[in-house]
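Inspection log for the structure reproduced underneath, given as C-alpha cells.
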Amino acid sequence: MTEPFLSLRGVSKTFSGVKALDNIDFDIYPGEVHCLAGENGSGKSTMIKVISGVYEPDAGGEIVMDGTHYAKLTPIEAINNGVQVIYQDFSVFPNLTVAENLALTGEVSNGRKLVNWKRMRTIAEEAVKKVNFKVDLDARVGDLSVADKQLVAISRALITEPKLLIMDEPTTALTHREVEALFKVVADLQSRGIAILFVSHKLEEVFEISERFTIIRNGKVVITTMPEELNHKKFAEYMTGRDYDDSSSAPTGEPGEPILEVSGLGLSEAFEDVSFTLHRGEVLGITGLLGSGRTELALSLFGVFTADEGEIKVGGRPVRLKRIRDAIANKIAYVPEDRLTEGLMLERSIADNIVISELDDLSKLGFLDRKLRAEAVKRWVQEMKIATKRPANAVNTLSGGNQQRVVLGKWLATEPDVLILNGPTVGVDIGSKRDIHLILRDLADQGMGIIVITDDIPELLQVSNRVLLLKEGRITEEVDPASVTEQEMSAMITGGSISGEVA
Amino acid sequence: MTTSTSTPTTTKNRFGFLKDLDPQIIRLVVILAALLLFFMITRGGAFVRVSTWQAMGVAFPEFGLMALGVMLTMITGGIDLSSVGIANMTAIASATVMLSMAPAGATPGQQATAMVVGILISIGLGTLAGAFNGFLVAKVKIPAILVTLGTLELFTGIAIVMTAGKPLSGLPMIFSETLGGKVMKIPMQLIIFVIVAVIIGVILSRTSFGAKLYMLGSNATAAKFSGLNSGSLLIRTYALSGMCAGVAGLVMMANYNSAKADYGSTYTLLTVLIVVLGGVSPLGGSGKLIGVVLAITVLQILQSGLNMFPQVSNFYLPLIWGATLLLAISIPNITATLRKLTKKD
Amino acid sequence: VDDTAGPSAGTSSGAGGGGGDKKYNIAVVPKDSTNPWFVRMEVGVKKYAADTGLNVYQKGPATTDATQQAQVIRDLIAQKVDALCVVPVDPGALEPVLKEAMDAGITVITHESATQQNTKYDIEAFNNAAYGGFIMQNLAEAMGEEGTYTTMVGHVTNASHNEWADGGVAYAKEKFPKMVLLEAEPRVESQDDGEVAYQKAKELMKKYPDLKGIMGTSSFDAPGVARAIEELGLQGKFFTAGTGMPEANKAILEKGLVHALTLWDPADAGYAMAALAVKVLKGEEIKAPVDLGVKGYEEVNFAEGSDKVMEGAGWIVITKDNVDEFGF
Amino acid sequence: MTLINKMVRSNEFYLFLVIVVICVIIQIRSGQFFTPNNLVDLANAMVVPGLFGVGAYLVIVSGGIDVSFPALASLAVYAVTRVLVDSDFQGPWIVPFLLIVVLGAVLGAFNGLFTSRIAIPTLIITLGTANVFSGIMQGALSSVQISQLPPSMEAFGRASLFTATNPKSGLTSAMPVSFLLLVAVVAIAFLVMRYTMFGRGIFALGGDESSAVRAGFKVRRIKFWLYVLVGVIAAIGGFVRTTSMGQMHPTNLLGSEMLVIAAVVLGGAAITGGTGSLTGVMLGTLLIVIVQNSMILLGIPTFWQRAALGILIIVGTGISAVQITRRRRRQRLVAE
C-alpha cells in the first residue's frame, strides 16, 4: 500500500479547557475518499482546521504531510502542500464578486503581489465550468443564495488541482442535483489519485461515496473502518454511543380541526396560488428545490414578507400578517433556515436566547420577574435536553445540534399553535436529529400544527403525515410519505433520480 | 454584524475582550485604586479634602450623564454623538422659558414654578430630540454615527439660531440654588447623577426592555426573527439617551447659571472615550453600567488630580486618557503573550 | 517691560504692612494655552513671580471651553489658593464658580470681563467698545473712510469679540458716514481658524463685489483675510484690520496686506492682575489711580460709574514701521 | 445597457445628481458658482479634506474606523516644523515633506501595532491613540502657533499651477501645487486598491476577516501596513494645510475627523467595511466642501450655517440609506 498523503500522530487541541481533539491518530491515502463522522462538537471541524493550519494544535503531536513532518502548519503551508478546504461556513467574501472569490485564494498562495483581472476571470470561468455551476461571475457573493455561496466555496476548492480535498459538510444547502454534480467531480478527482476527506451528517451521501470511515466522539477516534462493516444503525451507534432507531416518527393520532388555512396565497416572483390546510396534531412536510419559493412561503406565513394576494386563516379567523409580531400574536412560530444569523444571539447566554420571545410574559409592568424567568429557562433546558451545565454560558459554546434545540425551545416557550420549521436539522447529527424529530411528534400529539420545510428526504418522509411539493412557486403534488421511497420522492423533487445522471 | 456572528470561532477570539467584561471592570478598579493611592501620597492633604471631592461631584455629572446615554445606544450597536448638542439646545429652550416666566425680581413662587416648567421642558425636549435620532437610525436606517453627527451640528445650530450665539444668563436664583446646591455636603449635581444612574441600572438589569437592548445589539436579525420590535426599541433607547443629555443640560445650567450654544463642546468624544473605556463594545450586545461609572470616576480623578500639579499642563490630560484607554485594552493581550512565552520555556 | 517692572517689585515687597511676607499662592487661569496670546501672558506672570518670589503660576484648560475652565477653577478652589486671576472664556458661565471662590475667601481678579459680577476687581486693558472703535479707525484709514465693510468674529458665541465688533460698527456710524455695513452679512465667523477666515473672506469677495473691507477681531481673522486679499489680487482694493501679535503678522504687515493691527501686551495684563491680587491680599486700600507697576498700568483708574472695573492706558498699534520693536 | 443600469443604480450616481442640483442652486442664488476662480477655490479647499478622505476610506474598507488621523497629522507636522524652525532650516521643501511623511509613517505604525495585534474595534484603539498624539503635541511638546515657517515650506504653500481670473470681477484664484499631491495620492490609492493583492486583501478582510485568514492573507501584516499608509496620507494632509496657511496652528485640524468620515460614507462606503469606491469618496468630500464653502454664496446667514451643515449630512446620508433599504427590499434580503 502506498504512503499516506497525510498522517496525524497524537494530535490534540484544547480550547480554553475544552479538549476538542484528544490524541488523534489518523491517515488518509492518495485516491481515497475518507469520511469523517461524528456528532456535533465531536471535533470534526477542529481536526480539519488543524490540518488546514487555521488552528495550532497543542504541543506534542505531529502532522506528517507528503513526507514532511510538522508540529503545526500555517494556512499558506497547507495550501501550498495541496490542501484545499471547503469550510462549513463557506468562508467566502460577501463583498467581493464571484470571480474574485474564486480566484483570490490561488493568487495569494502563488504569492502574487499584483492583480491581473483577466487571469482572475479565466481562472473563475474554468472553476465554475468544472462543477457546471451557472452563475454571474460579476455578482456580489453576498447577494447569492446559500446554495450558490456553497457552490462558490466548492468551485474555489477545486480550482488548483489539490492533493487533499477536505469538505466540511459541503452539501448542507445543496439539492440532490447539485450534490450529484459534486460527487461526479469527487469521483473524477479520486480517479486521479487525489485524497478526499469528507464530513457530513447526511448518511445516504456518506455511504454513497466513502471508502473508509473514521468516526470520532468527544475528540477521540472511535473506529476507522470500511463501509461494508457498517449499516446505518451501527454507524449511528458508533457516533452517538447510544442505540438508534430510524422508524417513522410521524404523529399517529387523528388530525384535529384546521388551525391554519391558506388559500390562493401569492407573492410576486416567489410563489402563487398556494392553498393548503394544516390541522392540529399533524406534521405537514413541504419540499422543493431551492428557489422553488418554499422559504418565501414560510416567511410569508411568518409575516416577514406580506403576501400580495390570497387569504390566511388561523383557527378559522382570517388574519393579516404584515409584521413578524402579527404572526407571533396569532401564535405562529418560525424556526429559521440559518440559525447562526437568524436564530441566535451567539454572544448572549443560552438563557437569554430561550426567553427572548416571551420576555413580555415574564415581566410585570416591564419589570422582569426573575423567578419566572429562571423557571422558564430550567423547564426548556430540560424539555429540549440541551447539553449544558450553565444556561448562563454563551450560546456559541454549544454545538449545532444543541444550538438548534435552543432555537426550538425559544419558540415552544411562546406556546404556538402553528410551528414552522425551515430545515429543522441542517447540519445536526443523527443523534440530535432523532431527538428533534421525536420532540416534533410529541408537540403534534399535544395538538400543535407543524410545518416542516426540508430537502433532507429521509427526514421529510420520517416526520410528515403529508408532503406538499413546490415547483416554481406552485404546489404541484400532495404526497403520502408512506406510499413513496426516498428515490421516488427525490425523483419527484429534482425531476431526475438520485442515482440518475445530471441534466 | 453578520460577519461577526456568522462564524462563532472568530466572534470568540476577535471580540473576546468585549465578551467577558468582568476582567475589564477589575482592571478599572485596579487603575482607580492605583490613582487614589498615587494622589494621596503625592498630594495627601489637598486630595482627601472634602472640597476636592465636592468639586469633582459638581463637575463630572455634566459629561457623566451624557455618557450614560451614549452607553445605552452603544449597547444596541449604535452610538450617540449628539448629546452635547441636545444638552445645550434643551438648556437654551428651558432657559428662555424660565426667563420669560420669572424675569429679574420675580416672586419666589413664580421662580419655583418657572424652575419646574424649565426642568420639564429640558427633559421633554431632550427626549424628543433623542427620539428624532432614534427615528433616523431605526426607520431611515442611517448609520447611527452619521445620524448623531448630523444632529449634533443641527441641534447646536438651532441653539445658535435661538440665541444668536450669546449666553442666556440671569436665571431665577432658586434654580442654581436648588440644582447647584448641596444636601448634607453632597452636591445636588452628584445626587442627580446617582439617581439617573440607578434608574438606568434598573432598566438594564431588571426590565425586559433592558434585556431586549442587549439581544438587539447582539444580533439584530435574530432579534427581528424573535419578534422584537427593533424600531420602537431603538427609538426608545435614543430617546432615553436624549433625556440623559437633557438632564446634563440642566446640570450645566446650574453650574454656569446660564445656557449657551457651545458649552461642553469637548464632551462629545470624551463621552465615547468613557463608554469604551468602561468596557462597552461598540459592536453592541454587551456592556455594564458599573464599568462606565468606574470609567467616569477614573477620568474625573485623573483630571482633578492633575490640576493639583501647577507645573503639569492640562495638555497632558488627553495623553493620560489615551494611554489609560490603550493600557486597559492591551492588558489582556499582553498577559496572554506573557503566558505564551512562559509556557514555551 | 523690564525697566518699568522694577518699581512695582519694590512696592509689593516694600509696602509689606499687614500681610507680612506670607508666601501667597496665586493662580492665573487663561482661556487656553496654545494661543500665543496666553503664552505671552504667562511670560508676564512668570516675571511677576520672579520679581516677588511669590508662588504665582498660570494654569489653563486644555481647550478654549467654558466648562473646562470652570473645572480648572473648581479644582484650584479645592486647593485653597489665595487668589485667582481669571481671563474668562465666558463671564456668564463663570459667575457661579467665581462666587464659590469668593465665598471660600479667595481673592478673585478678572480680565477682559467687564460684565463680571463675582469678582473683586476686573482689569480691562481698555474699554471694549472703544477698542472696537479703534480697530475701525484703522480700517477706515485704510479704506479711505468710505465703502462697504463687514465684521468677522472668532465665534458668534464669543462675548468680547462681539462687543468689539459692535463698538466698531457704532464708531463707524458716528464718525464715517460714507462707510456702510454690509447688511446681508453684517457678521461672519472665522471659528478662530485661519483657514476658515481665509475661505469666508474669499466667498465674501466673490459674492459682494463692492465690499471693501473686513474688520477682524480674533487674532486669526486679519491674517486669514490677508491671505485672501493676496491670492485674489485685491491688494490696495480690499482692506482689513484687527487684533494680532507683532511677531506672527510681521509678513503681512510688511507686504502691506494689512495696514495696522492692534493689541495690548497680554504679558503686562498678566503682570498687572497678579500685582493687583497681591495688593488686595495685603489689605492695601485700592484707590485710583492705582500703580500696578507695569507699562500701561501705572495709573489704572475705575471705569466711570464702576467701583469694580479698572481700565488701563490702552492698546498698542502695530504697523510695518514699528513691528520689530516689540520682541514678541 | 446593463452597464448604464448599474451606473444609474450606483450610489455615486445619486450623489452626483445631488451635487449638480446644489451647484445649480448656488449658481442661481449667486451667479458666482460656475466662474473660473470659484471652481479653483473649491479645488483648493478640496485638497486637505480629500487627502484625509482617502485615508479614512482605506480604513473603513478594511472594516475599521480611524479617528486619529487629524491628531496624527498635527503631531507629525508640528514636531518637524518646530525642529526645523528652531534650527533655522533653509533647505528645500522636500526635506520637511519627507521628514513629515516619515514621522507620519512612524505614528501610523503605532496605530498599526495595536490594530494588528489587539482584536478589538479600531474605533476604540484610534480614539486612544488620537488622545495620545494630541497629548504628546500639546503636553510634551507644549505646542504653540508657529507663525514663521521655514522659507521653503512657505514658498511651497504659495506656489501655484496657474491662476484663474474671473473675467467680470477680475478676481483671481491660484490653483495650489498641493492639488497635484491630492491627485497623486488618489491615483496611487486607486492603483493599490485595485491592482495589488495588498489592496484586495484590505477589501477581503473588510468583507470577512476569518475568511481572509483562511485564504492565506497575512491579515496582521496587511493591517499594520494599512495604518502606516494611512499615517503617511494623513501627514501629507497636515503638510498641505500648514504650508498653505503659511503658519502652523497645532489645533487647526483637530476635530475634523467625524466630518471626513461622514463624507466617506456619504460617498457610499459601508461603515461596516468591505465596500466603497474612491469616486464615491471624492464626490462625498466634494459635496461637503462645496456646501461648507458656499454658505455665503448661498446667502445662508452665519447663525444658520451649522444647522444647514447638519441637515446636509442627515439628508445626504438619508438618501443613500433609503436607496440601500429599497435595494434590499427588492432582493428580499431578510438580514438587518
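Of note:
Letters are used for the chains, namely A, B, C and D, taken in the order the chains are written, and counting of residues starts over at 1 for each.
Definition applied: a contact is a pair of C-beta atoms (placed from the backbone, for glycine too) under 8 Å apart; a residue touches a chain by one contact, two chains touch by 3 or more.
Only a predicted model underlies this, so the values are computations on that prediction, with no experimental measurement involved.
The interface with the greater count of contacting C-beta pairs, when B-D is set against C-D, is B-D. In terms of their C-alpha centroids, the spacing between chain B and chain D amounts to 29 Å.
Between chain C and chain D, the centres computed from C-alpha atoms are 36 Å apart.
Chain centres here are Cα means. That of chain A falls 44 Å from that of chain D.
Rounded to a whole number, the gap between the C-alpha centres of chain A and chain C is 74 angstrom. Multi-chain contact residues of chain B, defined as those touching 2 or more other chains: 2-3, 6-7, 15, 160, 164-165, 221, 223-225, 313, 315, 317-318. Along chain A, residues 91, 94, 304, 341-342 each make contact with two or more other chains.
Across the assembly, chain D contributes 138, 143, 207-208, 210, 273, 303, 305, 334-335 as residues in contact with two or more other chains. Contact annotation for chain pairs lists A-B, A-D, B-C, B-D, C-D, with touch applied as defined. Partner chain C is touched in their complex by these residues of chain D: 30, 32, 35, 37-38, 41, 45, 138, 143-145, 147-148, 166, 169-174, 241, 244-247, 249-252, 292-297, 299, 301-303, 305.
If you check the complex, the residues on chain D that touch chain B are 63, 65, 67, 114, 117-121, 123-125, 127-136, 138-140, 142-143, 207-210, 258-259, 261-262, 265, 271-273, 303-314, 317-318, 321-322, 324-325, 334-336.
The part of chain C that touches chain B in the complex is made up of residues 27, 33, 57, 59-63, 65-68, 70-72, 74-80, 90, 92-97, 104, 155-159, 162. Note for the complex: chain B touches chain A at residues 2-3, 5-8, 11-12, 15, 19, 206-209, 211-212, 214-215, 218-219, 221-229, 285-286.
Put simply, chain C touches chain D in their complex at residues 33-36, 39, 62-63, 156, 184-185, 187-189, 193-195, 198-200, 202-207, 209, 220, 223, 227, 231-234, 245, 247-251.
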